[in-house]
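The structures considered in this document are given below.
In the two complexes below, subunit A is the common chain; its partner is subunit B in one and subunit C in the other.
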Partner chain A sequence: MPFEMRFEPIFRAAAAVRSRSPPDPWYSPSPRNGGARGSSPRAQRVPPGPVPPRSVRAELAGPGPAPAAVGPGGAARRPPWRRGLAVLPGRAVVRGPAGGSQPRPRWGRAAYSSAPAVSGKEGPQQREASVRRRGRTPQFAVPPRTERMAVDQDWSSVYPTAAAFKPASVPLPIRMGYPVKRGVPPPKEGNLELIKIPNFLHLTPPAIKKHCAALKDFCTEWPSALDSDEKCEQHFPIETETVDYVSSGTSIRNPKARVVTLRVKLSNLNLDDHAKKKLVKLVGERYCRETDVLTIVTDRCPLRRQNYDYGMHLLTVLYHESWKTEKWESEKSEEDMEEYIWENSRSQKNALDTLLRIKASENVSNVSKEELLGSEVVTNYRNSVIALKNEGETESNMSQYKESVKKLLNIQA
Partner chain B sequence: MTYEQAHPPHYIAHRKGWLSLHTGNLHGEAGAAERAVEDSFLRRFMYGTFPGLLADEVVLKRRGNLLVICALLSRALPPSKIYFLVGYTETLLSHFYKCPVRLELQTVPARVVYKYL
Partner chain C sequence: NLMGARLAGSHVDTQEPKTNPLVSLSDEPETLYKRLSILVKGHDKAVLDSYEYFAVLAAKELGISIEKVEKPPKTIERFTLLKSVHIYKKHRVQYEMRTHYMCLELKYLTSSTAAVYLEYVQRNLPEGVAMEVKKTKIERIPEHIKKPVWDTLPQVEEAEVKS
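The block that comes next holds the complex of A and B.
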């Protein structure tokens, strides 16, 4: 059975018992005043809303059942701890809640319309009228604080911290909600929608200025020597990134907070050509060619400090390993090369072969390979082929290749 | 019926807000189940501690560790008794949940009617 259904009968039974027996002096709800239904028309302070149908109107307007007599006369039915504290019949004025340490049987009502916590700033300033005997219940409602607010008041003292919306403290005629047909949105008094939403009434610009002024004492200046990004990078080449998570709940632990990201530009590291190529091969996907940034993300340890130490350890190991040359690295073949190298490639062999055959057919004396390699046409051809292979096919690359081939084979136009 | 009762649940995020705000239901955040259990207990607790006084549903807000319970009460009890109940609720719940609990009350003379059926 769902939880609600199990407890519903108990609540209903309790309510029934309460309504049957004479009201306990502790809880003496007067039907005129409280309850779920409505109050007497005289006390109606809610602006006219939807008009109730006739049946309900009759019920509201009629006099409520007379509050049961509980007082000195009902001493016999009062609970035992009450009987000793009888109130003298002639007393008219009762002290405020400050003197309410002795529980007094309250028959009749001195109504306190303003909520104890609504106008928290002014305190419980209940204007306590004389305690009436059973019957008449004057409604001495304390007017909301908004009516006494100056236009130039200090708003940060009305809402010093984040708090729920208090209609009696906010002097704005706000309405919120979907209107009934041919009606207006409901007003702000008792509007649950306005309470539900988070409000920023405590964060007006003057309030934020006060926060900043208070926090200034705890801040230090940014070092003046680090006034540009380049200088920051030059002095602090390794960037460490960690994330802190804030959530609502009784636990501050979040497993995602242990991830540490280290970023460093390889140009800031002391690497020669071989070391850089080896490092890039070692890290694989963690290196970005466009920005020359190596990113290491560590999350294999349970704590953030451990992950940071592990990341720095990885960086150190990579650096030292890339400077070492192993024996098997000499077996690096053409497929392992990162970029195209023209020396000892097929293109070079083909070009040389062609040139030698041309020279032989022209019956020129034996020209050595080195001369051919050093000649301008061959250098041009080499450059254009390297550009094509490394950068891909672009307009300029292709035209350059065309020109170099024409010069190589001595073809005019 | 109050505004809350008059709108069925498919109007949430269209005409109604949420009665309970916490980070547990966000994407990638944990703790939704714990908050839901706490919410149901808190609503039952409020319903029982302020018998017949709740004019509308209880709104629960969580700011970090702090738990704010916003309740709409009717004016059936004198303030001294309401003060006692507020103190009782706050201390008991703080000890129970090991987090600061704050009660923010608003009283209305009668249940705010949105429409009649």
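The block that comes next holds the complex of A and C.
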């Protein structure tokens, strides 16, 4: 027996059973079929499937009577795949046709069905109606919800939260996917690409505005006095930077989240000259000379709060230690100096020596060193030498040095 | 129509804010965030574009000033593997992973506003998208760094090492 024919009696019986159920408002026929709700919904429906042969189609032209079949009483609400089992032979519930029009055969496929024998125009109609549907296609194909959606509906109630894409709930003619040869991308029905990609249907601008209106009560105002970065720095000099990480994975923890970066400008701290130089020497690379910013990065503790506390502790210690003066600091030599200091340098000694010898050769009365140091030519020379040493050799520095030397040695050239 | 009329003698203050029963005010001072830098990473540029629109609109609605929105260039990580389980060294297969970025910088937020915004934006983070939030908190110099402690301590020999 061919495969379909073995199940044909069950399908036919199921079809007969279903025809008895009252027209369910949920299963209203789609407008395509005329929207007619006859007394016998089965008779007018043309379920989707392969088109019946021409001979059968002619018989289907007019509304035919519903197959007068009787089935088990409680089968109206059973799911489609259970209905067939109720009419298998051996169950006491099974009854023959009420009319008793034809004697019930004792063998063959007709023996297994409680439907009347196929005769005339009813048969092909039943067969094509019940057999042509394959797989999970429901008998009453529900029209999608989109057809009942108003244009001005509240979309945030259709998609209140993040949800997968439902083609029957989204009234948009979306196509997605690689197009067929000389065709268009596949439609939205049964389109896996549309379901896979995250959609923002729950975050339309009106929905976002609604959410933000509800969240606005929990926000606080930024103090209006701090409207620029400079004011922020003036009143709140210390900046603490922390990073949070959000990602999908087996764990929500990220070990990089414990790192804390502390930044402060040394000009905002209460430091004198010696303290600042000592602090800069203590921190080494963490200080940037151009921006005068001290950066402390801490990650040695397992928790972020501990790292923050450690960073503040380091800052405190550095600050207080830099104000201390140790005994060995007096041994600071010229190589340790950060910048060139002219006092007590060879340049000062040489200049003074030269000037004294000039004065001695001119037989001027003994001029004291302080007078010489305070004189204008020496101060000029001092400034130009300091500029050369600290800032490097530039055009202006060199010319300034030249002028000061000429004035010092009194050369008019 | 009595609905809109104000009854005589009633003190109807139009400036009276509607107190939300869910909001509770606490006395502790708010921490201030000078910058909030949100970097979003994903494999699909269209998803990041939609998310950018959402995050920018949310910031505007909540009254947060946006400094800039950047789209750093994507990074592609490629690697080559052997195609076959055993031998066939000359036949390989190559895979690549593209990561697109979107950086949103906000400025001048209080801790409440930052918490509200970040929770809203993180709850609506699409699947497969990662986020890094860099918060720059500003604070005053603490009391113990205002003045060196040596001035206030009694004169003690420097044998005492302060840790």
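The rule is simple: the second predicted complex is superposed on the first by the 251 of 413 C-alpha atoms of A that agree within 3 Å, B and C clash if a C-alpha of one lies under 4 Å from a C-alpha of the other, contacts with A are read in each partner's own complex, and residues count from 1 in each chain.
The rule we apply is simple: a residue touches a chain if its C-beta (ideal position, glycine included) is under 8 Å from a C-beta of that chain, and two chains touch if they have at least 3 such contacts.
Fair warning: this is a prediction, and the values are worked out from it, not measured in the lab.
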Comparison of subunit B and subunit C by subunit A residues contacted: B
Which superposed partner A:A162 touches (first subunit B, second subunit C, both, neither): both
Partner chain in contact with A:V243 - subunit B first, subunit C second, else both or neither: second
Partner chain in contact with A:P198 - subunit B first, subunit C second, else both or neither: both
Partner chain in contact with A:L269 - subunit B first, subunit C second, else both or neither: second
Partner chain(s) touched by A:W323 [first = subunit B, second = subunit C, both, neither]: second
Touched partner set for A:L215, first subunit B, second subunit C, both or neither: second
Touched partner set for A:P206, first subunit B, second subunit C, both or neither: neither
Shared contact residues on subunit A - subunit B and subunit C: 162, 197-198, 246-248
Residues of subunit B that touch subunit A when the two form their complex: 2-4, 7, 11, 15-19, 21-24, 28-31, 34-35, 40, 44, 47-48, 51-53, 55-57, 59, 61-65, 68, 70, 72-83, 86, 97-99, 103-116
Subunit C-touching residues of subunit A, taken from the complex the two chains share: 162, 197-198, 200, 202-203, 205, 208-209, 211-213, 215-223, 226-227, 229, 232-233, 235-248, 264, 268-270, 275, 312, 315-317, 319-321, 323-324, 326
Contact set on subunit A toward subunit B in their complex: 3, 7, 11, 14-15, 18, 26-27, 29-30, 33-39, 43-46, 49-50, 52-53, 56, 97, 100, 106, 110-118, 124, 126, 139, 141, 162-164, 166-168, 177-178, 180, 186, 189-193, 195-198, 246-251, 254, 256
Sites on subunit C touched by subunit A in the complex: 20, 22-23, 30, 32, 34, 44, 46-47, 50-51, 54, 57-58, 61-63, 108-110, 112-113, 116-118, 120, 122, 124-142, 144-150, 158, 162-163
